[in-house]
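Okay, so here's the structure we're looking at.
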Amino acid sequence: MSKALRLVTSMAAIVALSSALNAFEVSKPVCLAPAKPGGGFDLSCRLVSNSLGATKIIEKPMIVNFMPGGVGAVAYNHVIGQRSNDAEMIVAASTGSVLNIAQGKFGANYTVDSVKWLAALGTDYGAIIVKADAKWNTLAELVADLKANPKGFALGSGGSIGSQDWMKAAIIAKLAGINPKDMKYVAFEGGGEALTALLGNHIQVYPGDIAEFSGQLSSGKYKVLAILSEERLPGQMANIPTAKEQGFDAVWTIWRGFYVGPNVTDEQYNYWVEKIQKLVKTPEFEKERELRGLYPFTVIGKDYQKFMQEEEKKFKALAQEAGLTK
Amino acid sequence: MIDRAFGVFLLCVGLYMVYGGISLEVPFSYDPLGPSAFPIGIGALLALLSLFVIAKPGKAHFPDLNTNLKTVLIVVLLFIYQLVFDVLGFLLATALLVFCISRIFKGTTSQALGSGVGVSVVVYGIFSFLLEVPLPMGVIFSKLLGA
Amino acid sequence: MEVLTSLMSGFAVATTPLHLFLIVLGCLLGTLFGALPGLGPINGVAILLPICYTLGLPVESSLIMLAGIYYGAEFGGRISSILLNVPGDAGAVFTCLDGYPMAQKGLAGPALALSGVASFIGGTIAIVGLTFFAPMLASVAIFFGPSEYFVLMIFAFATISALMGSNPAKSLIGVAVGLAVGVVGVDSTTGVLRFTFGEAELFDGFEFLIVIVGFFAVSEIMLMLEHHSSADFEMPKITRVYVTVKELLYCKWTMVRSSIIGFVVGVLPGTGASIASAVSYTIAQKISDKEGTFGKGDMRGLAAPESANNACAGGALIPMLTLGVPGSGTTAVLLGALMLYNINPGPMLFVEQPLLVWGLIASMYIGNVALLVINFPMVRVFTKILQVPYWLLVPSVIVLAFVGVYSVNMSTFALLLSIILGVLGYFLRKLHYPMAPVILGFVLGRIMEDNLRRAFAMSGGEVNIFFQGTINWILWGLTIFILFVPIISKMVAKRYALAK
């Protein structure tokens, strides 16, 4: 063995040793938002990057990158296929992501276990919204009307059959005891279009998300019949009843979470878990979360992975029941 | 002749769309048309109209063999470019592409070299640093910087 | 006048030194984004939004600058359309039809100057409309439900008959090809995937940008090779770099009409600059093209789409500011900007954030004038592009176009798609299939299908939903009118001749 080669190998050994001794630390943390800037996933990423920046829990500033496409399908495929061991990057996801995974829309062979789930950090809740001059004043009246006359009025929201938005309409249908196939449902391109259609009386019920809708609350043009949360929400939502207290077992959370690539090592995964556990206890994080209109919903690490498996199972059953998958 | 061949191509595309439309698996739909109607309709329209072209093709003027080969070469170059984009990285892949296309458009070797280096560096600088659009460094460059 | 007081308060916001600087910067960047093929207003705003946010600019400053990029891009899109026959963005596809032939005749200078004025007029008419009629127009836009949108698309398709040209079969095939490209992707009603071949990146269908870069930039380069190789190849000469008052007056009614069309199309959510410029071009051709000069460098054919796409940008802000819903793809990103700053946009925006809204509107008056002032002296510079030798110009165009396509979702698959579409476009163009119907089919098809099926879902499959309500009847009336315009005008001309 030549001297030079020996030198090189011993140096390599030293480098390997020292990196093993030094615990993992990110150098260029990235949050990947699988949507266009300004979309819901961007807001999730800003929640983490802003509060991490304010608390200095991770010294290096976290930048936000964008990869829109298929409500996250492109990013999911990209992470699994090309950046499976990139420990610098966390990726935003939400209820809709798992719904799509459960229906095989992120790739026929992919399940929630194709990636490592890190944490859910907040949630929005479903809400049943109608025009201010609608004939219904409670969820019970709406449900009774739907039961009596399934095709009497149209529900509409911003997603196709099987999407997160459609599920909320399907829940109302199930409350009325009718098959979701038998209601009148109109799918729009995003919640904004659906809201406009509600205002123009082209549809009569818009099952939306309450935090997203909050900018419209004070306009007096709409009524919120029920919020699909376990308990009443604070602040300006305090006088809107939940579906539960009106006697309907309907809860719909739109949680916001994050995952990392499947080949990220346990050490690196634990690094992120630890940082996020520290983060959620800070007032800075709480302030950021409230600014984004999100409600508390914190599940971290292995618990989150388990939660995701349950979600997947639940949604698979739901999709099957609705006749979406075999 | 080429007009007719292209007509046949369009006919096949149309027929394929009809087939694809019919074979869509639709759990259920809230409207009577469903997702298959449009592909079937469009495919049928395309197939039908292409029959007119096949029956009565027009005259097409394609350039001489030399130019045609160069045109094919450009397409091949672009195709290779997107293949090696992630591996070689933006700088290297772009410099090579620009050099080749520059040569095809009658640039001298030094002009092509200048364009290759100039265009790739300037565009990389603008997008990576000013606009913060992450362009791939490529395996080679990131190894160099990582070591 | 309450509106004027509000507008004045807006000007107070917009005329601070920082904001004046941001307006000019936004307009310059916008012109640049628009001019570069492969980068349009959506990417421009999407790329700059995170930067504005990270720099810590306050919300009104960010919005003023991002809006500047938006209408600046509509202004700048014309440049590469006219000079290179490669549309700079979605709204500038129809600018190629008469702009490029003008440049080939040596009239690149007048074409750029004229289209600059047309853009200015379109932009200004839209801002005035935005200032005075925003709430009223928003309440009309609400009445547009699925059935109205469907009939509107029928109307738009009826205007295509103006583009039929010498070979109707090939024009119709063009429409079908456009429709076929538009079908790819997830079906927005049932969520069924159509022709995606298991590729996640095809779920959302073809991005408009990929289609433009493929059909126009990639195929144009292949065609350029041919012109370049032919023996009698010559660089086009530049005669003058200004436009005469007589030429402007010649186009005045086209500009006013197209501005109004563009503005109205912009107000309707779900439409955009490409539809606005397409419809205004085809209507201009229907009404004015008596000598068959459209498509061969007619100034009115250049003025129409340019007035319309700039007017559309102003119109699209109305649903955003008054209803909190996007009026176009770019305003969707602008809305996202507000959300990022924790402002939840809704109908109360005018009441709760008056300085933000009126500051934005006032900034657009300033921005439009700034664009005109910036653009006039630049015409000379722009025309210099024509003198750039092909060995530098061609690779630069393709690289910039590809970076734009890549930046959409950081994927080389998008590049592959645009190359495939480029080869398809090359054959279509070589074999004399007109490209305008292809683009129209692509743009209109999806909206038409979605709304037809939404309307059917609402009516339970009944057809009479398309014949209910005043708006539907007006749209049907317009459709019949536009189909028979050539016949009517011929009859009128005959009678006129007889009377003489």
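Should a chain be cited, it is by its letter among A, B and C, assigned in written order, with residues numbered from 1 in that chain.
Operating definition for what follows: contacts are C-beta pairs under 8 Å (C-beta built on N, C-alpha and C of every residue); 3 or more make two chains touch, one makes a residue touch a chain.
Keep in mind the model is a prediction, meaning the values are calculated, not measured.
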| item | value |
| --- | --- |
| Of all other chains, the one whose Cα centre sits farthest from chain B | A |
| Most central chain, Cα average position | C |
| Which of A-B and B-C has more C-beta pairs touching across its chains | B-C |
| Cα-centroid distance, chain A relative to chain C, in whole angstrom | 33 |
| Interchain centroid distance [CA atoms averaged], chain A/chain B, Å | 35 |
| Chain centre separation (chain B, chain C; CA means) in Å | 23 |
| Where chain A touches two or more other chains, by residue | 65, 161-162, 184-187 |
| Residues of chain B whose C-beta touches two or more other chains | 27-30, 86, 132, 134 |
| Contacts with 2+ other chains: residues of chain C | 50, 187, 189-190, 410, 454, 457 |
| Interfacial residue positions of chain B with respect to chain A in the complex | 27-30, 86, 132, 134 |
| Contacting residues of chain B [partner chain C, same complex] | 2-3, 6, 10, 13-14, 17, 20-21, 24-35, 38-39, 42-43, 45-46, 49-50, 52-53, 58, 60-64, 66-67, 70-71, 74-75, 78-79, 81-83, 85-86, 94, 97-98, 101-107, 111-112, 115-116, 119-120, 123, 127, 131-135 |
| Residues of chain C defined as touching chain A within the complex | 46, 49-50, 53, 141-146, 186-191, 193, 198, 200-201, 203-204, 269-270, 319, 323-326, 332-340, 342-349, 352, 408-411, 450, 454, 457-458, 460 |
| Chain B-facing residues of chain C, complex | 47-48, 50-51, 167, 169-170, 172-173, 176-177, 179-180, 183, 187, 189-190, 192, 194-195, 218, 221-222, 225-226, 228-230, 389-392, 394-396, 398-400, 402-403, 406-407, 410, 412, 415-416, 419, 422-423, 426-427, 430-432, 445, 449, 452-454, 456-457, 461 |
| Complex contact set, residues of chain A against chain B | 63, 65, 82, 161-162, 181, 184-187, 322-325 |
